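Note that the chains are named A, B, C, D and E in the order they appear, and that numbering of residues resets to 1 at the start of each chain.
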Amino acid sequence: MNLWPIPIFPLAGFLVTGIFGRRLPKAVINAVAVGSVLLSFLWVLVTLRSLGNLETPFTEHLYTWIQSGALSVNIDFTIDRLTAVMLMIVTGVGLLIHIYAVGYMSHEGGYYRFFSYLNLFMFFMLVLVLASNFVLLFVGWEGVGLCSYLLVGFYFTEQFATNAGNKAFIVNRIGDFGFTLGIFLIWRQFHSFDFAQIFPAAKGLPVETSAGILTAICLLLLLGATGKSAQIPLYVWLPDAMAGPTPVSALIHAATMVTAGVYMTVRSSALFLHAPIAMDAVAVIGLVTAFFAASIGLVQNDIKKVFAYSTVSQLGYMFLGVGVGAFSAGIFHVMTHAFFKALLFLGAGSVIHALSGEQDLRNMGGLLKKIPITAATLFCAGVAIAGLPFTSGAASKDLILEAAYTHAPWMYWVGTITAGMTAFYVFRALFLCFFGKYRGHQHPHESPPVMWVPLAVLAVLSLAGGFINIPHWLDPMLPVHEAEVGALIKMAPFAAGFLGIGLAYFFYVMSPALPEKLAVSFGALYRLVYNKYFVDEIYDATVVKPLVNGSRAVLWKGIDAGLVDGSVNGVGALAKGAGGVLRLVQSGSVRAYAAWIVFGSVIVLIAIGLAGGVR
Amino acid sequence: MPDSFFPAGVEYIRFLPEIILTIAGTLIMLLEPFLGDGKKSGLGVFALISLLAAIPATALAGNNPGYAFSHMLLVDGFATFFRYVVIGVGVLCISASFQYLRRENQNSGEYYALLLFSVTGQCVMAASNELIMIFIGLEISSIASYVLAGYLRDDKRNNEAALKYFLLGSFATAFLLYGIAWIYGITGATNLDQIRYTLLNHDIEAGGVLVGVSAALMFVGFAFKVSAAPFQVWAPDVYQGAPAPVSAFLSTGPKAAAFAIFLRVYMTAFGPISNRWEAFVWISALLTMIVGNFGALRQPNLKRMLGYSSVAHAGYVMVAIAAHSQIGVAAAMFYLAAYAFMQIGCFAVVAHFARQGEKYVNIEDLAGLGWKQPVTAGLFTLFLLSLIGIPLTGGFFGKFYIFKAAVDSNLIWLAILGALNSAVAAYYYLRVLVVMYMKEPGDAVETSQPMAPGISFTLWASALGTLLLGIFPSAVLDFVRNSSSLAK
Amino acid sequence: MNTLDLVIALPLIGFLIGLVLPRDNPETVRRFTLGFSLLVFLVSLGLVGPYWHASPSGFVFETNIPWISSPVIHYHVAIDGISLWLIILTTLLTPICVLCSWKSVQKRPKEFFAFLLLLEFGLIGVFAALDLFVFYVFWEICLVPMYFLIGVWGHERRIYAAVKFFLYTMTGSLLMLVAIIYLYGRAGTFDYTAILSQLQSGALALTYPEQFYLFLAFFVAFAIKVPIFPVHTWLPDAHVEAPTAGSIMLASVMLKMGTYGLLRFCVTLFPNAAHRNAGWIVILALIGIVYGALVAMVQPNMKKLVAYSSVSHLGFVVLGIFSFTQAGLDGAVYQMLNHGISTGALFLLVGFLYERRHSLEISAFGGVATPAPNLAMVFMVTMLASIGLPVLNNFIGEFLVLQGSALVNFNWTVAAAVGVILSACYMLWLYQRIFLGKASDDLKLHMPDLSLRDWAAAVPLMILMVWMGTFTQSFMPPITATNAQVLERSKTGVEVQVRNDFNVLASLKEIFRAR
Amino acid sequence: MSGVPLNWYLILSAILFCLGIAGFLYRRNIITLFMSIELMLNAVNLTFVTFSYKFKQVDGHIFTFFVMVVAAAEAAVGLAIILTVFKNRQTLQVDDVNSMKN
Amino acid sequence: MDAFFFLIFATIAVVCAINIIVQTHPISSALSLVGVMGSLAALYLMLGAEFIAAAQMIVYAGAIMVLFVFVIMVLNAGGERLTKRGAYVRLFGVPLMAMFLGLLAFVIQAALPRGEMVRFGGFTRGGPADVGRALFTQYLLPFEVVSVLILIAIIGAIVLARKEID
């Protein structure tokens, strides 16, 4: 069974739609774009089937990419159980979103462009998960970042979209800075990029010698992960990235790409396990991000922004899970999150589609009757993310929280509170959207089947996905995290979920005027949270502005034009000046010239006559 | 001293180039009255032919090396080489003069005769082995030069150039003579070999300081003639004031010959006291380069700029002298030859481009020449690039060879400073290129005339020489290397 | 007369023919130059021959004939894995330059194209010369056509830029000349290979001060050309004022003369000095990387931006060379080629933009992607290559360089990687300001999309970007083989090795212990 | 009377030479300048003749003879140059002849 | 006796030489120069240079100086104007000259052995015959070549002064 066709199908799709797309009819583009992903999906299924239960990883060597002395980078694909999970998520969810996008984008310009980018994204994402070494992983990593940039800035005539695209790319670059440095350190330490060689070697390293370098490596990798997976401090790009079309938000910024950080961390679990400091960092970052983002999500009015912060927050959960050692739970959450968050976004997209582009919750309301299917699926997603019992969200989130409890109970409690907040803001959004009276001016209409069928599929997965026992599947390859906790601990997150939903119902359905009053009475706090803690502004003022202005005023005008070039030109001017002075000697007067000659001869007499001594 | 004072036949052969040139010059003066006003160019052609005839004569003389006329002359490779150079200079300058003289209505036989005599004097200088011959050769060359510099007697700048050249030249010659008198007084000889012998054997009653003094006084005279600092002051004025073809001649022929005697005297006679003069020649070389290059930086007048540049190039040759080695001599010889080609080429362009009364000799006047007269400008560009020292030109190889000589003699700092000076020099040569190619044509270029055959010949021949010396320098290099051992 | 000789001679022949072509028929001149440069390119492909199956580490296509007997100068040319690609890069870019100058050069096309061929001649010679004297000759020859290309066909401040370019380079190279002469004095030959073997056998033993000053003289000449940080200021001016073809050749090939020189001569001839001075040189390179990127970020002029980005990119090359690791050297060489391709393409595209809008100010553009989507797409690919996106060419070079430096001193790597971040900043910002946003009506009118000729110029570069980024091994083996030898040579008599000091790591260890 | 030391002659010639220089530097009339040069040449001649006495050789005399010839030739040409200058400028003030400078 | 005559003629020479410098009218300077030349001729005689002494009087004081005087008279240029120009030449001229002279004198005194005394009749082979013999044997070539010089002088004078003749 060959692995290379898995990413190649979307790549071919990308090439076809990208190069010839402008001249092709929409039907062909649809066929190519969706078809290529479908083929990939099928190929994954067939492959997994033929590979059996993947007791050992399966590696396929394609060709040597870079060979420089001892340093060698191969284009190798590997499938193990982790990859299998990711493949299924990526191709499966990807396929659904592609199908959905056919409907969603049908009225947009740049149709072919959109699908070619989407296909390209699939290619890179598949490379990312299939990669058998860090460099190839990085290729996919950067590639998906690129596609994110392209798709966020899809509406390229809009300033905010292009800004968001740039922000996404550059912030990711900062993360990649860490990631690449981590890779370099890895080679420095292990003289290999291959997972298959590094991880066993890492296990074999004596703690005393390895601790420093492994901690450094893991912290650097973590920096990369925070960039890609939108964790503090690099989460700022993700909310802005909602400027892209909604299927993009669903696919890239919810289901797949942003979880790459989690994937990478889990992939490197062998390294992280030997770097406790880094593990703690992962957990703390995840937890803080989860809480922090959730708090912002509480008050946002843009439906996509709410879900974006929700994504950040959920990603925080995943990191928490990984950080406390529950790697498989983290991946489990990646999967369930892919289901319900994709559904949330797609549903939101359906709402937006229905309202012809309206995204502000304050201009919605009462849509339950007008777009029932969308509403129903969205509520499925809502209960899943809120972690109500028996939903997929509950299954994965609880695993994480339990693991956190065994690691450090305070983490568990913060996580649980966050779970309540999550339930609150999601249902706040849903209630604002579907309950009450319609506050807008559009004529809402239900989406076509091509859009709601994927919603329905995802709704089922959101509810039932928790029964796919990913942790069990991954147990053989990831360190098992045994968490035995009491019933109270198991139940608390559910309670928090219900509480959150209840509060949301109280505030936004029963007494809709109350939030306004609260916002007024807690003015400062509200403004702080509503403005996302002013993090963007702080970054702008402390990093971006000084860098740009400093470069302009000090480096360019000051050092470059002033100091360096100034001294070069100064030397030139000095030479000319010296020339001018020397020319004064040439006064044109014969007697002056004669005086020069006499003067010169006196000098010569002294220099030649006397210099050698009198004798 | 020879037993028989009556010269043998071969000695006449060794003196053949001078004989031919003298006869030709005299003939020109004899023929002059018989030719009408329009036919004076015929005399020039005759002068050209006689110069060309002197070339095989030089070769013949060179094939019979040895002393002549009671050790007055020494015909060796060194002499032969410089004879070639000065005769070549003569050829190129005469051929560049026809159009110029006609334009100035001064086309007469005297000009060609004087030029021939001047070349004769330089040939004598090149071959002389005796201070008295050096002096006489120098005076023949100089007096003819004085007249040539002021040849257009109604032109104020010509007069001025001639006067300055003459007064200062004679002034400096007096110093030279005084130096000769002293060295005679110390060694009792005026023959270079004898002086060297005496000095080498410390066979002198007087102290070394007197030798130093006479070397210093002679240095004044030589340095003046080669326009080395601090005796360079006259050069820009004279080269600016003299007629363009004459400037071409003055800045190459007499300079080459002066360097020839400079080298010969300092390498042979004063070789034994090199510890006294090496340091000063070092300083003088540096000063000369600096003064020449920096002075030229903002010079608007093309001729004057070339004058300064001529000073600078003398500085490079001085570097070779400072090296005080056989390869230094060879480098100086090579450089002077290469320099002659490129400098004459530049002045020939000026001679071609200037109008009557030397209008349009400012650099700015060349604006747009590159596109109006691509061939002229292209050749000019070649000469300028050679003066800058861009490879595949004679100027580059010459400079390279000089720096090599300096480095070989451990004058690394001088080589570095010389190299930096070249970079400065590039600026003002580039300025000409800028004007020629990067400015829009002005009046001067729009009204320019097509090139006359004579100047055309000079330009192409100079270009050929410049390129040959740059690309295939081997023949000349071998020649100079084999003839550069002066101290025997 | 082997292929290499032919490749060197052909452009010169073309130049001479070009000089005598009729002035009044520019179309003929263009066609002739295009055809001729394509011919040169095709012939130069023949150079790959010996590297097809194996990768000889020595020199191939050697021609060694006496030129001047004393001082002994031989016309000694040959290529190895490094010069092979640089020569092919040169021959590839020349027809592209012809294409992009087809319409934009209306003023005196004959001379323009002739100079282009002369430039090609000089550049090929530089990369092939194995005799120091011959090297210097070619080195200086390159100066003249480029001076004219900038000075005659450039923009407003072209004269200032041209003279500055010339003088800057000249100053450095003259010092190198003195050093070459000195070296001849010591070794008795200009022949690079002979000097190397003398060094290896110990027949030529330079004292450290000697080595240092020689190294410095060579280094200054090359540093100016590269350009390394404090001597870079000629570059923005020259780039901005040069015509498109000039910018392309300047950025893509001429800058490589400097890095090539560093690699070929500085490192192998004076290994000890190179090692001992690597510290501060790398610091300069790192300053260049970060500083170039920061200054590029705030440029209002497209070409200036790209020019400063070159300073930044070339910093990587220098870093790679002075890391003295296989990966670093390979990366450096690869990065030379990459930069040649991608920055060449950037200048090409900037040239397209200039042709359409007659302005280089970024503020004169905006929303170009709407009227010219293909141009935007091509620019996008080029930009991505330039910022080092994987699967495109620059990534490989930067990656290897950084990996190489990480083996020596991780702090260097950290600093250099900052440049990678910044490169994304300035390029994306540039792209946004030029191509994205709403296009004004005026701009829409004057912004036709790529013509067939434009495509022809751009597509080869696009293909190479992807090819070099994905199938690196098509190009790498000759480089690796040669660099292995360079590395070997650069160890001759080395006393001090720059070695790692990774303080962060040590402190982390301390933290761990404390726990 | 045992004669005069040779050095006296030499110092005399040095004095005359320097006076010649002084004349060149301090006089403004071109002809006087020229005469100063002649004075210097005379001083040189005295040196030659003195040394000729010292060596009991005639060579110095010969040199002196040639210097005289040269001086004569120079005088002819020099005075002709001065004539043309005067003709063009109606002045013999050397300081007025400085149209070319810097 | 020798010293007496030497001092007399030396004094005349120096005084005349100073007079050349002091006089503002060229004709006075020219006459002073003749005085220098005359006294030098006498000194030449004392040094045994009979032929040179004669030539000095005939060629120098006679022919050349006559030419000078002739030109001075023809041009009738009159006395010098005092100009401000070249002030620094005046300023530096004296010290420079003094240094030059000082150097020469010092060197002569310091370096030359003073044993030799010049006596009239101490050297007698400076007569025309001796000089002539040398000229036509050893110094034949310069003697011949110098004729070219004279030819040039003639041509030069003609070229430059032709208009006056025409």
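Details
Definition applied: a contact is a pair of C-beta atoms (placed from the backbone, for glycine too) under 8 Å apart; a residue touches a chain by one contact, two chains touch by 3 or more.
Keep in mind it's a predicted model, so treat the numbers as computed, not measured.
Both subunit A and subunit E are touched by B, D.
For the interfaces B-C and A-D, the C-beta contact count is higher for B-C.
At the centre of the protein atoms shown, by the Cα-centroid criterion, sits C.
The distance from the centre of subunit C to the centre of subunit D, each centre being the mean of the chain's C-alpha atoms, comes to 65 Å. Measuring from the averaged C-alpha position of subunit A to that of subunit C gives a distance of 35 Å.
Computed centre separation for the pair subunit C/subunit E is 70 angstrom, with centres defined by C-alpha atoms. Computed from the mean C-alpha positions, the centre of subunit B lies at a distance of 26 Å from the centre of subunit D. In subunit C, the residues that reach two or more other chains under the touch definition are 167. For subunit E, the set of residues touching two or more other chains reads 85-86, 89, 93, 96-97, 100, 103-104, 107-108, 110-112, 139, 142, 146, 149, 152-153, 156, 159-160, 163. Shared contact sites, meaning residues of subunit B that touch two or more other chains, fall at 132, 136, 139, 143, 146-147, 150, 153, 162-164, 167, 171, 207, 209, 213, 236-237, 427. Remark: the chains found to touch one another pair up as A-B, A-C, A-D, A-E, B-C, B-D, B-E, D-E. Within the complex formed with subunit B, the subunit E residues making contact are 103-104, 107-108, 110-113, 136-142, 145-146, 148-149, 151-153, 155-156, 158-160, 162-163. Partner subunit A is touched in their complex by these residues of subunit E: 85-86, 88-89, 92-93, 96-97, 99-100, 103-104, 107, 110-111. The residues of subunit D lying in touch with subunit E in their complex are 1-12, 14-23, 25-29, 31-32, 34-36, 38-39, 42, 45-46, 49-50, 52-54, 56, 58-59, 61-62, 64-66, 68-77, 79-84, 86-87, 91-93, 95.
Remark: subunit C residues 164, 167-168, 230, 232-233, 236, 291, 294-295, 297-299, 325-327, 330-331, 367, 369-370, 373, 384, 389-391, 395-396, 399-400, 402-403, 406-407, 410, 413-414, 417-418, 420-421, 424-425, 428-429, 432, 435-439, 470-473, 476-477, 480, 484, 504-506, 508-509, 511-512, 515 touch subunit A in the complex. Partner subunit D is touched in their complex by these residues of subunit E: 1-3, 6, 10, 13-14, 17-18, 20-21, 23-24, 26, 29-30, 33, 36-37, 40, 43-44, 47-49, 51-52, 55-56, 59-60, 63-64, 67-68, 71-72, 74-75, 77, 80-83, 85-86, 89-90, 93-94, 96-97, 100-101, 104-105, 108-109, 112, 114, 116-120, 122-123, 125-126, 130-131, 134-135, 139, 142, 146, 149-150, 152-154, 156-157, 159-161, 163-164.
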